[in-house]
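Going in written order, the chains are labelled A, B and C, and every chain counts its residues from 1.
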Amino acid sequence: MNPSVDALRREFGPLIGRALVSCGDTIVYLDAGRVAEVLRWLKETPGQQYNYLVDLTAVEYRDPERPLEVVYELFSLERRAPLRVKAELAKDRLEIDSVVPIWAGANWLEREVYDMFGVSFRGHPDLRRILMWETYAEGHPLRKDFPLRGRFSRAEQVRQALGANPEAHYSMDELSIADAYHELPEDMRERLARGERGVIPEPQRERGGE
Amino acid sequence: MGVSLGHAAQGPGTQVLSSLSPNWMTTKLDFLVNWARTSSLWPMPFGTACCAIEFMATAASRFDMARFGMERMAFSPRQSDVLICAGRLPFKLAPVIRRIYDQMTQPKWVISMGACASTGGIFDNYAMVQGIDTVVPVDVYVPGCPPRPEGLLYGILLLHKKIRGETVVDGSLRQERPLDQTGLRLPPDVVDELSEPFGNSIHQTRSA
Amino acid sequence: MSKRTVEFELATPGLDVRGRPMRVPLGASAGAAVAEAEPELGGDHLLLNIGPQHPATHGVLRLVVELDGEVVVRCIPHVGYLHSGFEKLGEYRHYNQIIPLTDRTDYLSPMSNNVGLALAVEKLLGLEITERCTVLRVIACEMSRIISHLVWMGTTGIDIGAFTPFLWMFYERERIYNLQEAWTGARLTTSLTRVGGMMADVPDGFVEGLRTFCQTFPKTLAEVDRVLTRNGIWCARTQGVGALTAEEAINYSLSGPMLRASGVPYDVRKDRPYLDYQTYDFEVPVGEHGDVYDRYLVRFEELVQSTRILEQALDRLPDGPLNVDDPRVILPPKTAAMTDMEAMIFHFKQVMEGVKTPVGEAYFPIENGKGELGYYFVSDGTAKPVRWRIRPPSFINLAALPKMAEGGLLADLIAINASVDIVMGEVDR
């Protein structure tokens, strides 16, 4: 068991959940509400110094009762010590703090977790889909209720894919420089006019096919 | 006499040619035109994944596509003859290949290199187009995962054979066929049938 | 972030005698209104779309760049054009069936992916592999590192303008391909390992062939060194370009040569050793400036060091069994499966049901040519993983591209993109 677990319990007490060792790796569970605080402490405290974010991902179990876990794999370069930190999220409230202010490498990793699992990261500078295209309507692929071949029929998937604009600009950066305002959907234009950033609408439920 | 071709623009030359009935002069013309076309098919390498590496190996010195006049990789679709889709095609990339295919000028052919480009390969899932023939018309399918460079060269030679069988009198060969109003190239039931799982894929949908 | 779009109407006083709109030069009376609206003569920024189909993006990467003349003001990469649903597919496959999938993520160095996956599953199972298998896996990993860096060097040369090293590198790759083909049957998609061992032992002539390669490869490297390392154009285009400090590199979670070129001496083979790497005598090159030139030097030196490791591995290759002696994990030999009832039952159970792993999870990192490739498995006691996660070094390294490219020239962007050494199969999975 990594001694950081005891240090965490001394520092944060009730925020730290169970800790276990699996195949030689130490795993510690955190309270999902204050993840950013604990992770920043882990990065900056001398003696902990987990300055390297190895990976950020999520796990959904086959048992529907179990919550979805967001997994942070950390490594301390000086002490050569790894640590796995997890936060459990209830499936009807998939929201957690973003750690992009702590490690810049978390930017794309969190976007991928959003894309594949639907977890929103509060405070992420540019939360939008990264692997699927921005207007992908079938849902979040790595969820267990998402079938392997997708929700729509193949013809519908091909039609939606061919209908997507390959020159689409959806990031806030691009829209400020491109003359693409008129291509935006109505509701997105309103949200931009109100100055909302990083707020993503609910993915549309299935339309057509299947 | 000539068949009226009401579809996409046909140049005046094609209209003259298609009004001819085939005779010994047109066969000599065919021979000349097809010889010119096969001798320097400039490929448009639409390389996505592992097959692209075998494509690069085919172009490199050991297998050498230059002996077929194909070393000039046309990365601009306007200047290319054959679109070689080397690698898997996810749905996100489908509008891109369609646009590139549309930008290519006639005469144009498509080689689908590899199992993923031909049928979706081992990726029978939400993200992968199950064969680029649902998106663009394909002339030659080269199987393999990835096909050996010799396999790709054999596919290219098959394309040469196909081109030598073409005739300038038949204007329908060089006709642009855009997507229909629903945004598909083939009717939806045909796309579904082409994309149906077969073989082992049918039994591997259980996750546990 | 300022909004820089300006409505710009080209006013024309009318049509000329030939019926074409008359052009009025800027600065003339008709253009004065335009000049007031745009006080700086610099003009607008241009939004340029590079890719996803482009010769210099190393795969299907789309870069949207905002240009002020030739200077890159902003660079926004779009990935996902090769997303193939690997991680979802892995949940529907037995562990040995996932091995062919790993060939296709980083298809430039397939054997190291295979090795990484087998090591991760063996960690989950708590399995010890044999001596011979350990050394053979080191050979496989180093061969993969060599071919990965050879592709990198060839394609980076092309991007910056040097075409000849590409052909030399691909010739060397063909020699390794011959060895890979002799061993596994496939040039590229090797599927080399199995849980608890390998698919097959090395054939006759493999060791001699690899030794010959190790002896002749340094000559090719010396030629590339002579052609590139002190080449005026190469140095001018790569030195000082795309530099990242060590703190930035750590913050962006970079790994591999990208991280080491910035001065951070983190190599998974030295810091979290696996496959007995701590017993091999090799050095890890670490750069200083973190620019493209340092990354080139680091990768070049890694090729030299990999050859060194290969020679040591060939010297110490022990005889002995290749696979673990556990019939629940390793398929029995075919002759035994055809004659012995027990062996047939083990064969049947493994092929039909797969290898069951205990409940638990394991993360196993290896040092790939691109960086730290990690496989994270979560198992619920069945033969198919609950979650298979690939920690993709190229994806994470690519996220730092805007940081490196912004403020440089467009030509530098191409050089920097080449220096990240991405393979889109791994970026998008």
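The rule is simple: a residue touches a chain if its C-beta (ideal position, glycine included) is under 8 Å from a C-beta of that chain, and two chains touch if they have at least 3 such contacts.
Not measured: the values here are computed from a predicted model.
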Looking at Cα centroids only, farthest away from chain C lies chain B
Go through A-B and B-C and name the pair with more C-beta contacts between its chains. B-C
Per-chain C-alpha centres versus the global one: which chain is nearest? C
Inter-centroid spacing, chain C versus chain A (mean Cα positions, whole Å): 23
Distance in whole angstrom between the CA centres of chain A and chain B is 39
If you average the Cα atoms of chain B and of chain C to get two centres, how far apart are those centres in Å? 29
Going by the contact rule already set, what residues in chain C reach two or more other chains? 52, 80, 83, 85, 88-89, 92, 380, 428
Multi-partner residues of chain A (each touching 2 or more other chains): 62, 132-133, 141, 146, 148, 166
Two or more other chains are touched by the chain B residues 92, 96, 125-127, 205, 207-208
Flag every residue of chain A that touches chain C in the complex, lowest number first. 22-25, 27, 51-55, 57, 59-63, 71, 73, 77, 80, 82, 84, 103-109, 112, 116, 129-133, 141-142, 146, 148, 166-167, 169, 171-174, 176-179
Seen from chain B, its contact residues with chain C in the complex are 46-50, 52-54, 56-57, 60-62, 73, 75, 87-88, 90, 92-93, 96-97, 100, 122-123, 125-128, 145-146, 148, 204-208
Please name which positions on chain C make contact with chain A in the complex. 1-5, 45, 47, 49, 52, 64, 66, 74, 76, 79-80, 83, 85, 87-89, 92, 123-124, 126, 248, 250-254, 264, 266, 271-272, 360-363, 365, 372, 374, 376, 378, 380, 386-387, 389, 391, 395-396, 398-400, 403, 428-429
Chain C residues touching chain B - in the complex, by the definition given at the top: 52-55, 59-60, 80-85, 88-89, 91-93, 100-101, 103-104, 107-108, 151, 166-167, 170-171, 173-174, 177, 187-189, 380, 382, 384, 424-425, 428
Residue numbers of chain A touching chain B in their complex, please. 62, 132-133, 138, 141, 144, 146-150, 153-166
